[in-house]
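Look for chain A in each of the two complexes below; its partner is chain B in the first and chain C in the second.
And then the complex of A and B:
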């Protein structure tokens, strides 16, 4: 912030000599003192994100035993860590949750993109779960879905056996849907509203029925938004941690990778192993995101007609 | 289909131009929406009801109601201090991240320069990565430098995703400001400082508010980073709630639920404030509401 008071580089262009001043030549390439405004943010990113990340990467290659890749070998093969299993467990939770959230959001958002009465109220109701956060959702799920919860009582009235819906895979999946669906819905609604309605009106004039309009007009324009929404919802679901402990079965069916990493860090104080788990977690997530973005790059690229 | 959803005034959307019997598709969509909202209502209200319950065993509703669990929770979990910490952390994070993020987003919105893409990647990664991934190395380092566990560590860790978030949220707001206004100010002799304080800041108030409110909601709700860097004196509300749910010892379920309701109320207030400044459906693209 202290730098904002300095004069812009443009002032120095009156300097004599045949060649323009260095600052002027740099300014032509877009480098001038204004870029100094980036400096605080860059310093923070480097000190608090890049440096710790590199430090963690280094740490993961310095385990107490087992040589260079000891921590990774331990993560994947040690029967007490069961890292590979935890990757599958996490993917089995995160992929269905993210897919479901995106796929269910599309038709609902498609129906809701126009202006209608109560839209603001409905959006508000849908934002609530985002603010509830995972911990509160978990508490509510335990009460509501539990053995003596309202849902099982209701099922009992209908003559069904009580269902085991919490302390297992389903509890965590539910919590991911409750916290992820509103997020996916709002994003997709926002992308859909950005598509110029006159495009679809034109297709309608030309005689396309709603299936054709959706498949040929809306879907291709929406595809980039779908990819981004999927990625963001997937990131949310992939980092599932508190709800896996609270409404899941952290020693068995919902032993997610974040739990493994935290366990190594906070319980066993094995920092190399924890760093290795964290790095693997980031890598797996990036692979999924890159795959989605590659799929996206093969789709239509260009303006969606709206601003943004 | 879209046209029928835009009645000129009054009348619910379905009844505007269509017969009452909706098509199976519409029925399915609104039905699944209703089921979702019903589940949500059940989840939230079961917590609220339980927090007032005297005893609630194998019945539909508790046998009696009492407000004493709130007093219990307030004493047992030291909620006064916890809420104080939550506010301190959130305000510090919001203030610092806006101060640092706003100038950066200005440059990123207005300029192109060599290496901009790499810079954007560095700013995007903390948002795209799971918090645990960078949280664990960060917490290890902060502990090494004796900044964590403690309040400083919590604030520093929460800044990591907040600054990029401010940058991303504010960039579209800055792009909307006409650059010729800035040029005019420069022509009239304003330097950069005056340009920022007199021209840009007033025009950017909506953007700054939107970013600040979103960061506030995120920080109050952020579990992982705070959990990794806090100790018992610097727990925020969400971490205290988690600790109470998992911690050892026999605790009345109701007092945990009372704390959950306090957390929920705090979030609701934030949400109402947030929705005054931010239209959630316009986060990605600015849409002219009046288009027909």
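And then the complex of A and C:
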């Protein structure tokens, strides 16, 4: 094979001083026509997220009375709104639900990392609640836990008093756990599968029993994943609305913040108040997430693939 | 130096076997390891050498046979109780721990006092010459440095046995040579009994006191590098030991240890240790460096010779690697200091004791494991 037959390529040198063409220099910085592919996503985000958010934010500062912060003042101080209470109620539901989902998922995912017979079937069973809507879950809860549900009828046969498990805090918590668990489980399973199994094998040959292996190797490598999983399931649970009404007690113990916003919008037609409630809701979520991420930033976050 | 091996007298592997879902990955591995020895398990990928290592470490339970350390059965012990050091192919360093913490990990698990941990870790870091990197994370280091950390982490525990699973296969050629010397040096200075798995015969020959060649889960030959290099028991071992020319032929006559074989349209006389008879199908093994190359027609009389045409010549420093095609159409590999040109007609000769003749059939190894013994476990 020879290269001599080939003519030397013509070098374009319109500019003096060997400066590469502008398009070339832009491409070096990652700017080229491929960026146009981002356009649909950008439009989508602007129209469906940024604009409504900014609109709602603006609305929350335009109450009929009370000046710029009137809606917020009303949210926090008006005894008929009881905004502060609703934040507290929602946190009491969302934090335990998210925490429990993460904590329960870890041992199950830990056991399910490896290959074993029936793994797919078990995963399917664990993940099915994702496909159920909140309404279907609520219906199931009512049928099972309700005043005249199977559980209470069974307890009645045994001569026990019926338990009040729905139409209150516990019903909503159950519903949040059922709908949040599959997310937590799938996320943690994928984080765990990303940890090189030879790390645990190495720890074993160095004399670590399973508790030491979990505490010293697996948990530190998994912690950032746990933080993210907690954040996602928390946000999911914090915006609880349908189940708070269907299996909860929306005028009392499960008067969640989303319900307050809905009430302001749909019953009192106070759009600024509803917007203020939504903005407060977002702010609380943001505070919790920032706290978790600060904790996470102190962890090792690099590769977990064994080679470091 | 306080890093030295806690030792045993002998470690016996008796008919060690491992199967995966009915597939035998390892069968009838019998091996007696003496304290301080460096043993290499050698074989192509899928031959069961890594399985053997994992069985010994305790990471894989045996499906047959026993492992005895000074007469005490240890194959039921979990790896964390066995206390063998292991160096993994991918290093398996803990990515969230610094070099020091990685090396200290095993000592901490053994509840060694803090002051002693500090002292021994510092010694181990010195030993592998990683002083300036002690507080780095593994991800900030090169492959060779990571491998040193992995070795330090294993030897700091003074294990009775160090298991190494192809520790050099992820390194580039130059680093591999350096680390090879390093491992040999460590072995010599610490006297660590080592079992080393590799598919690289050169690595095995240069490092090991004894070699175990495996094929399809069965031991083919156990012996010193010299024994294996000069007297491979079958053509498979010969293939691994650098007999690149394995020519199929048929025995013409046998005279004591000398066999005359018709091969490539001519006859070659070689030596064998097997009882062969005229008409047996055989493979003739010849190392590239054992050929003598001469211009066609100038071969000394009396020696078996093959006429061939030079096809490829590679310059390799002091020698040339030559590929010549015999007149019967078979490519032959030759190493020679003599300069030849592609297209040149040559005659290849080889001394009788350098030509090894093996039965073409690979005989099934030794005796099958007694069923009874397998059933006891």
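Definition applied: the second predicted complex is superposed on the first by the 279 of 308 C-alpha atoms of A that agree within 3 Å, B and C clash if a C-alpha of one lies under 4 Å from a C-alpha of the other, contacts with A are read in each partner's own complex, and residues count from 1 in each chain.
The criterion applied here is as follows: a residue touches a chain if its C-beta (ideal position, glycine included) is under 8 Å from a C-beta of that chain, and two chains touch if they have at least 3 such contacts.
Source: prediction; values computed, not measured.
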Simultaneous placement of chain C and chain B on chain A, clash or fit: fit
Taking the superposition on A as described, I'd like to know which of chain B and chain C A:217 touches: first, second, both or neither. second
A:202 contacts which: chain B (first), chain C (second), both, neither? second
Looking at A:181 after the superposition, I want to know if it touches chain B, chain C, both of them or none. Which is it: first, second, both, neither? first
Check the residue A:117 against both partner chains and state whether it touches chain B (first), chain C (second), both, or neither. first
Chain B or chain C, by number of chain A residues touched: B
Using the superposition on chain A described above, determine whether A:53 touches chain B (first), chain C (second), both, or neither. first
Once both structures are superposed, the least CA distance from chain B to chain C in Å comes to 5
Footprint overlap on chain A, comparing chain B with chain C: 304, 306-308
Interface with chain C, chain A side, in the complex: residues 196, 198-199, 201-209, 212, 216-217, 220-221, 299-300, 302-308
Within the complex, chain A is touched by chain C residues 57-59, 78-86, 88, 90-96, 105-106, 109-110, 137-141, 143, 146, 153-154, 157, 163
Sort out for me which residues of chain B touch chain A in the complex. 1-2, 5-7, 10-13, 25-26, 29-30, 32-33, 36-37, 39-40, 42-44, 46-47, 50, 57-58, 60, 99-101, 103-104, 106-108, 111-114, 119, 122-123, 125-126, 128-141, 156-157, 159-160, 163-164, 167, 172, 186, 191-193, 196, 217, 221, 223-224, 227-228, 238, 241-242, 245-246, 256-257, 260, 263-264, 267-268, 270-271, 275, 280-287, 289, 291
In the complex with chain B, residue positions of chain A that touch it: 1, 4-8, 29-31, 34-35, 37-38, 40-42, 44-46, 48-53, 55-57, 59, 104, 107-108, 110-117, 123-125, 127-141, 143-144, 148-151, 153, 178, 181, 186-187, 189-191, 193-194, 197, 200, 210, 225, 231, 235, 238-239, 241-242, 245-246, 258, 261-262, 265-266, 271, 274-275, 277-279, 281-282, 285, 289, 304, 306-308
